[in-house]
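We call the chains A, B and C, going by the order they appear; numbering starts again at 1 in every chain.
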Amino acid sequence: MTSDTLEARRSGRTYAFPMSRIVIFVIAVAILALVPAGATALHMPSVTGFATQVLIYAIAAMSLNLILGYGGMVTFGHAAFFGVGGYVLGILYQHSAQRSAFLALVPGTDNLAVALLAAVLIGAATAAVIGSLSLRTRGVPFIMITLAFAQMLFFLFVSLKTYGGDDGLMMRRRDVVPFVDARDDISYYLICLTLAVGWLVLTWCLVRSRFGAVLSGLRQNERRMMAIGIAPYRYRLVAFVIAGAGAALAGALMANYLRFVSPDMMHWTKSGELMMMVILGGAGTLFGPILGAAAMLALETALAAYTENWQFYLGIILLAVVMTTRGGLSALLDRASGR
Amino acid sequence: MTSPMLELRGVCKRFGGLTATDDVSLAISPGELHAIIGPNGAGKTTLLNQVAGELRHDAGAILLDGHEIGTLPPWERVGRGLARTFQITQLLPDETVLDNVTLAVQVQRGHSFRFFADARSDPDAHAQATQFLQDVGLAASASVRVADLAHGERKQLELAVALATRPSLLLLDEPMAGLSFVESQHMVALLRRLKGRVTMVLVEHDMDAVFALADRISVLVYGRVMATGSSDDVRANPAVRTAYLGEDGD
Amino acid sequence: MIILEQILNGVQFGLTLFLMSAGLTLIFGIMGVINLAHGSLYMIGAYAAALTAVRTGSVWLALVGGLAAAALGGIVIEFAVVRRLYARNHLDQVLATFALVLIINQGANMLLGRQPLFVAMPPALSGSVTLLPGLTYPVYRLLVIAVGATVAAGLFAMIHGTRIGMLVRAGATHRQMVRALGVNVALLYTAVFGIGALLAGLAGVIAGPITSVQVGMGEQVLILAFVVVVIGGLGSVRGAFFGAIAAGLVDTLSRAFLPTLFRQIMDGSNADALASGMSAISIYLLMALVLLMRSQDLLAEKS
């Protein structure tokens, strides 16, 4: 049976990418690149910070979308990799500041490029371990197991008193990059924009490649794919690892932006929020997760301005969306533009 | 006597107390079209699933072209030259007809860990896929999404996808089921054209089609092979008449 | 003696987990639904009992209040939301029940504040008894073991001996069949959901005097119950029982004995750090081990 497949979310046919869309894409990136200048001109510097967070969450949501939207794997533990990425950067910074070494072996660093690379690699490795176990199952057990492993990492970091335990790790300053002042908010925004666009292009390449076709085929009908000679487990695992690397990249960027990392980054409600971004935006679409990340953060910010109990209203909105609509924001946009 | 393309030796399968496949032994020669008939619940599809690898048999041996394949997972059996169609069509509903076949062509040509090149701008694979669609008479619908396809066309597409893996042994699970009279005749003609090129095992309820196509027929009743022989042998076999035609008297 | 005491603690924790996982596994087995709000029912039970105890001072009323609130909460949730999810895919089920968790948790914060409640042990149950020479054990924890064991026995008797149990067993494997037999499936589903809620509420009520009552307590237990259900096999009450006992023992014993164990092979601070990390995740490591040993049987799940 294929009851777990996202059969309803098939609006995501992004394979054809005509020139007109490329032009729109370039214009959109150009506008995004001008956001800090606009914010400065309008004397609203907080906009740049907000936009930075949107871009970072967009990377995390895009990475989740690869497995959830395209691959049909309903994982409830994606925040684990987000948190692992954050901790990699935070731990490397702490050792750099204290001039000590991780496990007395690996020296720390406050070089952003090195820290991001390390976060991506360790995020991928963590995803390989968790994925190789949880992908032995599917459906509801898969949901439960991914959630449980994320919780395991949560408690592991809570118990690590060396790295702040419950309270998390503070960083005095942001990481640096050669030749660029990465501690400046505007430069950091542009770094995040570059990486988000890079991840978008990577996702675009992946979903239209043969690997992407197999992944999407496994979502639609696993029996069919086995009958043409596909071993499902390997392809799913590779997608899971790529997604874990993406979430870790986002987590490291977020930790560096906030100069703070704590177990809350991998709390199970964070996994739920990432899922909501993907679903609100439109699972299995290229731009959906970006829209979803922007919509979620805007909604949270707006609600939090009125009430400290914003999660209550967020829950009601989510419930209403899930019970009444299908396909998310990008389906709504498609319908509005008459596609 | 040539060595058989597919050989089953004492294959058994139990589900709890129910014996679904009871000591089945068969030998199917290269190029043969071998039909398996029997009343509903006789275990025909269960037997196909064991050959294809979706079910693991409890005892016995399954040999493809002289090599044991009984322990291999389904995808590796495909790599050894085995393909199948499904009674209830199993296709990728979001993709076009052509993409369904193209994917099978690409998988057949090698692993699919290709992350960057656009899968859809592969003219060679498209050309081959189009050829398979022409073979089954579906070329006109190449750009139709499978979800929008009629039942009869899905049956044809199942066959095209299976052929695209370039099998030496093709397992057909009720390819006529649900087809109109005209569509059935078309399918029979299609399978007749394939005869000799591919060894086929045909599970089918449409007796006209079976008698028109099969070189040999095996009758399966309660998981056991009751008789194997030419269509005339089977038609004349009194045990078959009582056990099979008597129960399923149409 | 300390080992025996810790084993009893482990069994007691395991039985609490069983009350949670039994409901989860029943609800999944029969309705095919994953319910993240199951932990909220645990919290509702704990809060209702704690508040009743404060207002009335009666242990019995607290018990009744906690159970009634949880069962009622479960029935309302089933009726308003979960009923509409049976035909949906698992993703929708997860998202909708996740939304419920946000609503219920934050609602509890709004109504009851963020301060944890500490429930006083009922005086009659606050003593200890001497079980063996040198082994004294709190009465309350013994009672929890007795209640858990009784409920487990009752549940097995119900599943294997009654008409409801037969429907439950049949429903798990032949959902369509039960429907075709003209059983009022909607009522059966609500009843099963209510039983699950009652069990979760009971777990919450009895956990109150042992842990503090606060928002978020439900999800911690919920995720442990997921682990139990995965270890025991989804849909099996018997599996949930053994999974829960195993998880309870592993967690309690590793917390109790790992520090001493590690201190014998390394120096103190490293040993403590490693031991606290290991025991925090021991249950999850048990799950990983079970998954590793389970063969990757794609096809068995299919048929």
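For the reader, a short list of remarks on this structure follows.
Heads up, the rule we're going with is that contacts are C-beta pairs under 8 Å (C-beta built on N, C-alpha and C of every residue); 3 or more make two chains touch, one makes a residue touch a chain.
For clarity, every value in this text was computed on a predicted model and none was experimentally measured.
Chain pairs A-C and A-B differ in how many C-beta pairs are in contact, and the one with more is A-C. Of all chains shown, A has the CA centroid lying nearest to the centroid of every protein CA atom. Ranking every chain by how far its Cα centroid lies from the centroid of subunit B, the top place goes to C.
Subunit B and subunit C have Cα centroids lying 48 Å from one another.
Separation between the centroids of subunit A and subunit C, computed from CA atoms only, is 31 Å. One finds 43 Å separating the Cα centroids of subunit A and subunit B. Looking at subunit C, residues 298, 302 sit in touch with two or more other chains.
Among the residues of subunit A, those touching two or more other chains are numbered 7, 223. The set of subunit B residues touching two or more other chains comprises 54, 73-74.
Against subunit A, in their complex, subunit C makes its touches with residues 28, 34, 81, 84, 89-92, 94-96, 98-103, 105-107, 109-110, 219, 223, 226-227, 229-230, 234, 273, 276-277, 280-281, 284-285, 287-288, 291-292, 294, 296, 298, 301-302.
Residue ranges of subunit A in contact with subunit C, taken from their complex: 1, 3-8, 68, 74, 76, 133-134, 136-141, 143-145, 147-149, 151-152, 155-156, 158-162, 223, 232-233, 268-269, 272, 275-276, 279, 309, 311-312, 314-316, 318-319, 322-323. Against subunit A, in their complex, subunit B makes its touches with residues 52, 54, 73-76, 78-79, 83-84, 86, 90-95, 99, 103-104, 106-108, 112-120, 147, 161-162, 164-165. Interface residues of subunit A facing subunit B in the complex, by the touch rule stated above, are 7, 10, 13, 15, 205-206, 208-214, 216-217, 220-221, 223-224, 226-231, 235, 238.
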